[in-house]
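Below, chain A partners chain B and then partners chain C, in two separate complexes.
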Partner chain A sequence: MTIRITRRATLLGGAGLAAGALAAPAVAQNTPIRLGGLTTLEGPFATGGQDAYRCVQMELERINHTVGGRRIEFIRESSNAQADVALARARKLVEQDNVDIILGPLSGAEGIALRDYSRTLTGKTIVNGSSGASDTTLRNPSPNFFRFSTDGTQWMAGLGKHVYQTMGIREVAVTAGDYAFPYAQVFGFNLEFCRLGGKVTHYWAPLGTTDFTSQIAQINRSNAGAVVVVHGGTDGLAFMTQYAQAGGNKPLVGGSIMADQTMLSARGPHRRVMVGMISGGPIADVIDDPTWNDFVARYRRRWANEGGFASPSIHAVNYSTNLYGILHALKEVNGDLSDNQAAFQRALAAAEITAPTGASVKLDHNRQAISDIFLNKIEERGNAAQVVAFDRARGINQTLGIPEARFLSLGSPSRDNPGCVATS
Partner chain B sequence: MDLAATIVLNGLTLAALYFIVASGFSLIFGLMRVVNMAHGAMYLLAGYVGYSVFEPLYDSDVWYAWYAGLAAGVAFAAVFGAAVQLALLGWMQGQELRQALVTIGLSIIVADQLLASYGGTPRQFFAPDAIFGSTQVPWVGGYPTFRLVQIGIALAVGVGLWLLLNRTKLGMMIRAGVDDRQMLGACGVNVPLVGVAVFALGAALAGLGGIIGATAQPLAMGADGRFLLISLVVVIVGGMGSIIGTALGAVLIGLAEQIGQAMFPTYSVILTFVIMVAVLALRPQGILGRA
Partner chain C sequence: MSLLGFAALLALPWLLPLVMPPGQAQFWTANILGRAIVFGIVAMSLTFLATYGGFISLAQMMIAGIAGYALAVCVDGAVPRIVGGFGYGAAIPLSLLAATAMGLLVGAISVRTRDIYLLMITLALAMGVFRFVETNIAWFNGYEGIRNVVGPTLFGFDFRNALVFYHVALATAALLYCGILYLVKTPFGLVLQGIRDNPRRVAALGYSVGLHRIAAFGVAGFIAGCGGVLSTIYNIGISPGTIGLGATVNVLIMSVIGGLGHPVGAFIGSLIFTVFDTFAASIYDRDRFNTLIGLVFLAIVLVSPDGAIGIGARIRRFLGAPRRSLQPASASSIRTAEEESP
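Up next, the complex of A and B:
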């Protein structure tokens, strides 16, 4: 038997092929956008990570998981705040779950690891979760890494000045975790405090330290007029509990993840010493802003009966801010991720959004947020301790207003370069 | 001077906690030759179960809240340990690798179940007022009373274990079992039952450590891995299966950690492992271990 190929059959076949080829992009537009979430559901920041996913879920539910005509499929992954684990999980998201965009990670060193990983990717974008090391976007930035949240250095804007000028304290003890994020926070504090003439003694401890008693003994015997605590998660709780037990009574100044609901909602004697603590950061529990009040009200409605805090945590707000950036850009491009996400990334870089706190956010040339920072004080309101914003600095950039070249020449924040340098 | 005294005291109180946890680990290894990788999970489990009992009582302000939590945590850990030995490890006696893997699997399951039911929020016990405040200690000044109580409890555990092992019939069987299980069985002793008792006791000690530890430091996910690692290091340094060796190992590691924290904080972790490497290089069986 012979197979006869008629002209008609050929034409039909050709038309079929063409139709298939034309239909393909339309199909791609209808497939869901795969958004991979990476946060810490294990380790010292498990509580913050859990809360971050609460808000991401809440905001996705609000738009019915749809943006620019495409469905968003959210895939949750978890690390334990260690850079190597975050990297492995990010690889899993990209290589096995085949996600288009990663929203994460939560912790400083993880952010740097993912920034480096993002550089090896084509057609994928990583948008920060809540990690706040400054070098993630300041030095050697990656074109595929975007951060709509402010970094640890920015969060301290105005704090050093407040401690020196308003509180009149000339010498402080800084106790901080020994990794990228606290370096950035300490750097931001010291830039102002040391420039004004303040004296700083540093006490570093590795992330995961739960017995600070010897460090506290040293601090309590020192001449420091205040203690600047830049720990978070269980480390921060352990420090504060042991500080309270050791009868510590110096005024406290907190890093941004110290004065947070993840800390205030845990029970214990630490709450007593933390009332009155001054801190700086991208959020507070009480901010006089309608956008924020609405966000908090929605959070309470959604999560009050499912383990939510009295008020969203800093990590939840940072993840939400970054999610807003993603959603804004996806809407701009109508969900079009073709051409290696080129249009989407352009839309991300140009995005100007409003964070849940009501702060306006835009990105600089390194794809890093320029936004508002709050000065906060912990107050006893009703029966609960709350972080209350009493001042707000608008449009803080990554170099705290210092010219970028000058700021870069100060060197990368580290335990040996904590920012006690002349900047003029 | 007073700072040095404080740091040494901190090291000793931390060592007390490490000893309580590691003694159970050492005991189980000594008789059963099981490297119980779920020891940290038992610490965590006892902590959370104890907390469930403690919290409502603490809220209603009864004085025995902490003691009730302690009893519940320790009892639960003991039952859990006995169940693990009966249901899982008993029938793979002597297959060390298999037992180690089973206990690792168990610890992962336990940790995830605890995370699912209790969430990630750190918790902490508050000891009764009598042992919660601070006490004047010569050269040191005011010092948290509870940390001194920790030393007392560790001493009681140490002496109790020594008496149990050296002065009771059960202790005699355990010591005989360490040397020759088969011969012990041939003498008419129900070795598997002794095994269950030892496992329950070891787990109860992990549980005791869990409650004490969760009173001194926050209890949260990750504590299981930390205390398992510490138990391993302490027992390797001190010598497997020796109570005095475990105490010595705990003191060395506790002091190293606190002195390291005060003098070179970043590298204090390394100091712990330097001690372990030195011991392994010079005396692989541990300082007081039998070859």
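Up next, the complex of A and C:
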């Protein structure tokens, strides 16, 4: 009996081996492409990270997880918005899970850490998720780090011009958080506003400030014709609430994370002053564009009953845009990642795609997106406040149209270098 | 016995490919074992203070960060360039000096506190430095930190090579480990253990309790500094997240699950921590994997209050094997030493 089983096993094994040998060439061609996802499912940006994965999953389901004749396997990892954690997870994705491409990360410092890591890799590609630090691609770019989303400075394109020319305001008060992201945003605003001759007074507050009353008193007494608010999250809410309570009535201009559903859906007196606020950024709730309307409709259908927002978040849109870049390039090369991904990376660099917002995207020589930025206004629609795009600045590059050498010589944005310089 | 273990650890990068695919073996060498050793060194600085001095300091990760930041600020090639101009040969000793000085400072500030108050004051110092580093642009480049600290080339070997990094980390850990075992047998170490058991008696014998405490924090600062330098090179730079509350608590967790009875516990704890930290997301729901990590740590601490080395000791006791005590030398041995010394 034992012998029979052994014999049968041998036969079966032999048949299996033969079948395996026959099938082997086909398997080699059809091994799935391994795409590693890295976002934050822990820490301060966890809700944004979850939403990013929602949209990545939705878009992969739409193409049935197949591109260029090859299946895509999506492997999810999570960090907590800290650079060293993101790096450890990226290493795990590359070395343990053996992914070909990483899509991520979400926040600025993580992006810079992964950019440095990508330089040590050969035959792997990292495509940004939603991180928006400008230095990731502007200074010391890495040949295998690609970013199809725009950065914090780009998001302010057109805003300074709008305030100076259309609103006719010559002097503004800028109140901003005292860390890297607001520096980049203030820099972008000032480049345009100061170049036109505008005058700016800055009020910095550390991240986590809850009492803005003295700042608001100074702003209300000043000659500023408008207030530019570049805070986010609870800081932004605190400023707006106190500004409304102090009877502030100057026109408001906001940074990209001020005009956001997390602010607008919170209850309180800030909603009264925020209606009419102008802001700039890569998305809005309402964009008059068929691509965007279709994307939002699909998002709502897919996720309405599974915890999705009323409208996709900024992180979800950035991850989707970068995913589109990857899918486009994979299609171009028919899923061919051989030769250390050389052809794939060339296709990425040459990719011209349309983002979920309808914005057209192409890359510059640093593999950084040149894309459209929306000018938005908060409007009361129905009984909810919504961010409505009313204008679009097309083809904004990372240096906002200033020659790159000149832009680099301006230095990195900081509180001592807020961009109020002559740029001609 | 321990020599054999060390030899096995040295040969591990060549033994691993025998039991797993080569790609995975390299991952384990650099990113599980290498990372565990680096964390283990920082955890060992805490274990050293806790085991032989009875001080639980939550500032050790911050002190490691001081070394990392000193290296990143001074060394050539870091982005952005803050001071620069130093090669690794000069910058690393400078960083260790900075960490030792910070250790002494923490020791001096907390010299009159014990127990929960010591915990609080070291935590406050750690968080103070963390917030300062996070908001200071001129020296520490704020939230984004300092990048591109790639490490030196050592005798023609590139530090970025996984094998080179692993062996340098292992050698550093072994030297520090032996250094601690030697130090606790010197008069200084014996006095330190005396302070742990009965500070008044030690003071009555004429020793300065305060100075010994501060010196012990200095030694722990040096050890943490070694870990900080290695971790900065491993991470190709440093940012405030490396020394934040999460990292501070992680080091405490490693020490506790490893066991505070002996310096080797730090490495066992950091290995368990690193393995779970890396693989929990693969074996459990990705959105909830921290729950698994928490449950494992809870289980270890519940089953064995003296950590993983306590579990080992229990098993051996259960099997009835005679063994040396892993418990640190107690007050009786210090008395013997006093009588022996001329």
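Keep in mind that, in the parts below, the second predicted complex is superposed on the first by the 308 of 424 C-alpha atoms of A that agree within 3 Å, B and C clash if a C-alpha of one lies under 4 Å from a C-alpha of the other, contacts with A are read in each partner's own complex, and residues count from 1 in each chain.
The rule we apply is simple: a residue touches a chain if its C-beta (ideal position, glycine included) is under 8 Å from a C-beta of that chain, and two chains touch if they have at least 3 such contacts.
As the structure is a computational prediction, the values presented were derived from the model and not from experiment.
When the shared chain is aligned, chain B and chain C each come close enough to touch A:R415.
In the superposition on chain A, A:N80 makes contact with both chain B and chain C.
When the two structures are aligned on the shared chain, A:G108 is found in touch with chain C, with no touch to chain B.
By the touch criterion defined above, A:D116 lies against chain C but remains apart from chain B after alignment on the C-alpha atoms of chain A.
In the superposition on chain A, A:Q215 makes contact with chain B only, while chain C stays out of contact range.
Applying the stated contact rule after C-alpha superposition, one finds that A:Q165 touches neither chain B nor chain C.
Once chain A of one complex is fitted onto chain A of the other, the partner contacts of A:P206 extend to both chain B and chain C. When the two complexes are overlaid on their common chain A, residue A:N293 makes contact with neither chain B nor chain C. When the two structures are aligned on the shared chain, A:A266 is found in touch with chain B, with no touch to chain C. Once both structures are placed on chain A, chain A residues 41-42, 50, 80, 178, 206, 415 are touched by chain B and, in the other complex, by chain C. For chain A in complex with chain C, the residues that touch the partner chain are 41-42, 50, 76-78, 80-85, 87-88, 91-92, 95-98, 108-109, 112-113, 116-117, 120, 133, 135, 139-140, 178-180, 206-207, 412, 414-416. Chain contact summary for the complex, chain C toward chain A: residues 23-24, 26-27, 30-31, 35, 79-80, 134-135, 137, 142-145, 147-148, 160, 231, 235-239, 241-242, 244, 246-247, 277-278, 281-282, 286-287, 289-290.
By the touch rule above, chain B contacts chain A in their complex via residues 2-3, 6-7, 10-11, 13-14, 115, 119-124, 126, 134, 142, 144, 146-147, 216-218, 220-223, 226, 257-259, 261-262, 265-266, 268-269. Listed in rising order, the residues of chain A touching chain B in the complex are 41-44, 46-47, 49-50, 80, 178, 203-206, 208-215, 217-218, 221, 233-234, 237-238, 241-242, 245-247, 262, 265-269, 307, 415.
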